[in-house]
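Think of it as A, B, C and D in the order they're written, each chain with its own count starting at 1.
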Amino acid sequence: MKKLINDPANYVDEMLDGLCAAHPELVHVGNDRRAIARSRTMPLGKVGVVSGGGSGHLPLFTGYVGEGLLDACAIGNVFEGPTINSCQDAIAAANGGAGVLCLFGNYGGDKMNFEMAGEFAAMEGIETRTVLGTDDIASAGPNETAKRRGVAGLIFAYKAAGAKAAAGGDLDAVAAAAQKAVDRTRTIGIALSSCQIPGAAGPNFTIADDEIEMGMGIHGEPGIWRKPIRPVDELVDEMMGLLLAERPQDARRVAVLVNSLGATPFEELFIIYRRVAKVLDEAGIAIGQRLTGPYVTSMEMGGASISLCYLDEEIEPLLAAPAQCPFWQVG
Amino acid sequence: MAFTAHDLAVALKRANARMETLTDELNAADAKLGDGDTGSMLARLIATFAAVDIEAQPDLGAAFMALAKAGAASTGSSLGTLVITAMMTAGKETAGQAEIGWDRLGPIIGKVRDAAMMRGKAELGAKTIIDGLDALARALDRKSNPEALAKAAVAAMDDVLAEFRDRPCTMGRARMFADRSVGLDDPGMLALAELVRAVTKGAHQAGPPS
Amino acid sequence: MKKLINDPANYVDEMLDGLCAAHPELVHVGNDRRAIARSRTMPLGKVGVVSGGGSGHLPLFTGYVGEGLLDACAIGNVFEGPTINSCQDAIAAANGGAGVLCLFGNYGGDKMNFEMAGEFAAMEGIETRTVLGTDDIASAGPNETAKRRGVAGLIFAYKAAGAKAAAGGDLDAVAAAAQKAVDRTRTIGIALSSCQIPGAAGPNFTIADDEIEMGMGIHGEPGIWRKPIRPVDELVDEMMGLLLAERPQDARRVAVLVNSLGATPFEELFIIYRRVAKVLDEAGIAIGQRLTGPYVTSMEMGGASISLCYLDEEIEPLLAAPAQCPFWQVG
Amino acid sequence: MAFTAHDLAVALKRANARMETLTDELNAADAKLGDGDTGSMLARLIATFAAVDIEAQPDLGAAFMALAKAGAASTGSSLGTLVITAMMTAGKETAGQAEIGWDRLGPIIGKVRDAAMMRGKAELGAKTIIDGLDALARALDRKSNPEALAKAAVAAMDDVLAEFRDRPCTMGRARMFADRSVGLDDPGMLALAELVRAVTKGAHQAGPPS
């Protein structure tokens, strides 16, 4: 797979340098240059919201650092969790004296490193809470949601937590908002083509020219089935069926994210969005917020995911509150 | 005769050399149900270890801690973090000691296993590297002859891979595909086994490291 | 090439339906449903700014309809100019009684159809002007810039014209601002992999697994050379050399657009941006505005382009003026 | 014997049938220096024409205008727009007439050439479809026998392609690659030639359309 890069060993550092150069509102923090924060200093008394994860998913994770979203973010090598140092750096940058929420995807390395960093933070008197993104319904059944992977829907939790923190919520309230957003968000993805980790000998997976995989993870982890490609309306209907099967009882309104995994163009996302809106309409569910674009990617992977965040009176205003980061502006 | 920072450095060099071919094998094993990076990550981590100058380190504990520190700055992957945890644990166990008797290897690996279980919130039998560490600790227990240790380690690795191959995995990325993991080696356990083979094979050829 | 679509014959219509559904601030105008306008009615007395072109380039062209940008847009089949009817519909929607600027890329079909539509508009008493995007320096030499293709840099002209119109400029002033932005903008692109027109038998072009093409057009038109891929810093240096060789004498500041042609991920764009910023710094040129992302694409084509808009006292504030469309927010 | 809307419909049907194989050939020709869509666009446009019910249209001019209108709603590509311009021109030339003498074909195609030159701001000799139209108009001039017209048309197409093949193109997308266009047929001219062949070949086989 061809890439416009230099030495793969410098991929992440050069990417972060470019991100900060292109968006001067973001700065490096810490000594290992693998944590990003807002260039304005952390407001005293505000709860910090941090995230972290492996590289290769831009705009996730670092791209969501901004007003009303994340205060800081730790970033690892491609598809590897951030190091303990980076997690510590991010937590320190987001410390305004009111505690820090660590909000990230349900992956082993990320969990271990944030946990260790949280232990160090505690020694320094910084209180932390952890909320894990677990929105990928393809990765485990509805009765073991705690096992699920975190994928594109994580950004709804960012938004909810960021808005709650901006509104002056305390650490418990911010964590509760994030957890509620996670609990009310479901995602399923479909993959068409693979990506390759810079420097790797080959692509992360192979898939036939006429095949797609339903439910594949954002690192190429296996999904539910692999079959010949079909008209996208049929695929959307199947995906929406799975998402709606798990809707909460009170589901009346949703926020929708139709997300490109990387190579899938806007044109196809809008064709998908059109069908998603139709299915929701038929199900009697109104759309409160609409996002269509590359929000959580796997480098050049081809495919798309659909996320639904079931809104209630608490979550909807949090998602609608003003926010501003390089890749997402609200209000 | 005892185990020193020099022996550790030699083992790391052997492991590092083995990664040249092992990288792709491990990536492929991880790609089956995971994200396909076990090999690349481990290659980078072990190269980082091999580049740390521990040869002359008089304190074995400090040598392990230097490795842990270098490793902790280089990866945050699950297996990487467990390996770093292992180095920290070994560092604590050997702190202030210039050398340890070969008979300490088994118990120290036992401690490493326990620390990794805590860190990874994993249980025995979940088919991860931890089951490999457990088998290794038990095989080395109460042995002090380097050649006997090497032999026992390799046999234990063969056995534990075989024992778990047809069992389901319940930790790590492959946990969602417990059924599909039957018949496949766990990438972390496979990595441990291959590296044990590589390190001890060198030991056989060159005689026990002095 | 796999695509998440239905019947290729419905590709454009379904895409536009989805675009308008996902962005309710955009609406269809006209009878053939191939023109898009802002849902709020055209302010009386404001000069209208319209564009148009083939489908397959989102966010271009329709995605730039919005406050301080385009008032309306005509859209054709994939890689085909808009029909004369669609051009008429767009012009009619953008008519606030003060004339309409038609601002689009230098392509044969687009020119003919906008010209005919302009003739019809004149019959209805709507005055029009035409400004053509001609920023692709790979497509003709510096002494025949009027022959050049219009590519990603067109969006700077949108922004300048949109801001001038929003500020109350008359038709001549709006056209002059657009023309100046065009005259001061240069783009060069590099292609890694092809795209395929929905329903076509095969990809638009083929390129070897280790090759890239410098200067390729956004429809796959041939470029300057095809060679094995090299480290991206070397490629950027070559591209920047070509762009800077044509800088105006007064060039002190630029707006930069590092654009994905579709499949090239943000990570690589930032690695490119980093080097672009370095080259500009060494050339003593300051950066006044930074854009990095998929702004003008060719569906799933792999590759990137670099655009420089050389700023002066008139253009810089126009580019910095507030604007708001689905894919670009300023201020 | 004269040319009616029925003859036009028959010609369109033949052209439409020919597109089945011609589409990919023209796309390939356009992909060399253009955007590779000449064939797909033309196939769609001719199918649109063929679907217009002109058979029963008593006014030939109205028939051409109906085609122009349907075409204008279906494409805005350069060649498409020129073809639509051609239909409008022919419509004006034949307005109010139920049929025209075969001898009018040459002069009408001459008018089409002139209108296309105006619309495309193109000159003769630029190696476009316009040079093909010019050759056609000249070959048909002053001929009124359908078989002679067909023969002359095909010969003119062979000649004009050969004449221009080794000349550079200076209009359309390929204009930027004048040098590289030497040795290649212009996709628009090639399209015209192949469709003239298809339409007249049918004519030979079935005898002149009645």
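Note that in this section a residue touches a chain if its C-beta (ideal position, glycine included) is under 8 Å from a C-beta of that chain, and two chains touch if they have at least 3 such contacts.
From a predicted model like this one, the values you see are computed outputs, not experimental measurements.
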| item | value |
| --- | --- |
| Identity of the chain that, by mean CA position, is farthest from chain D | B |
| Chain C and chain D, separation of their C-alpha mean positions in angstrom | 32 |
| For chain B paired with chain C, centre-to-centre distance based on mean C-alpha positions, whole Å | 55 |
| Averaged-CA centre spacing for the pair chain C and chain A, given as whole angstrom | 30 |
| Chain-level touch network, classified as line, ring, star, complete or other | line |
| Chain pairs in mutual contact under the definition given at the outset | A-B, A-C, C-D |
| Complex contact set, residues of chain A against chain C | 2-7, 11, 14-19, 21-23, 55-56, 58-59, 63, 190, 192-193, 209-210, 212, 229, 231-233, 235, 258, 262-274, 277, 290, 292, 294, 297, 299-300, 302-304, 329 |
| Partner chain A, residues of chain B touching it in the complex | 23-24, 27, 31-37, 40-41, 44, 72-82, 85, 119-121, 171-173, 175-177, 180 |
| Residues on chain A engaged by chain B in the complex (per definition of touch) | 32, 54, 76-87, 107-113, 115-116, 139-140, 147, 149, 197, 199-201, 204-205, 217, 219-222 |
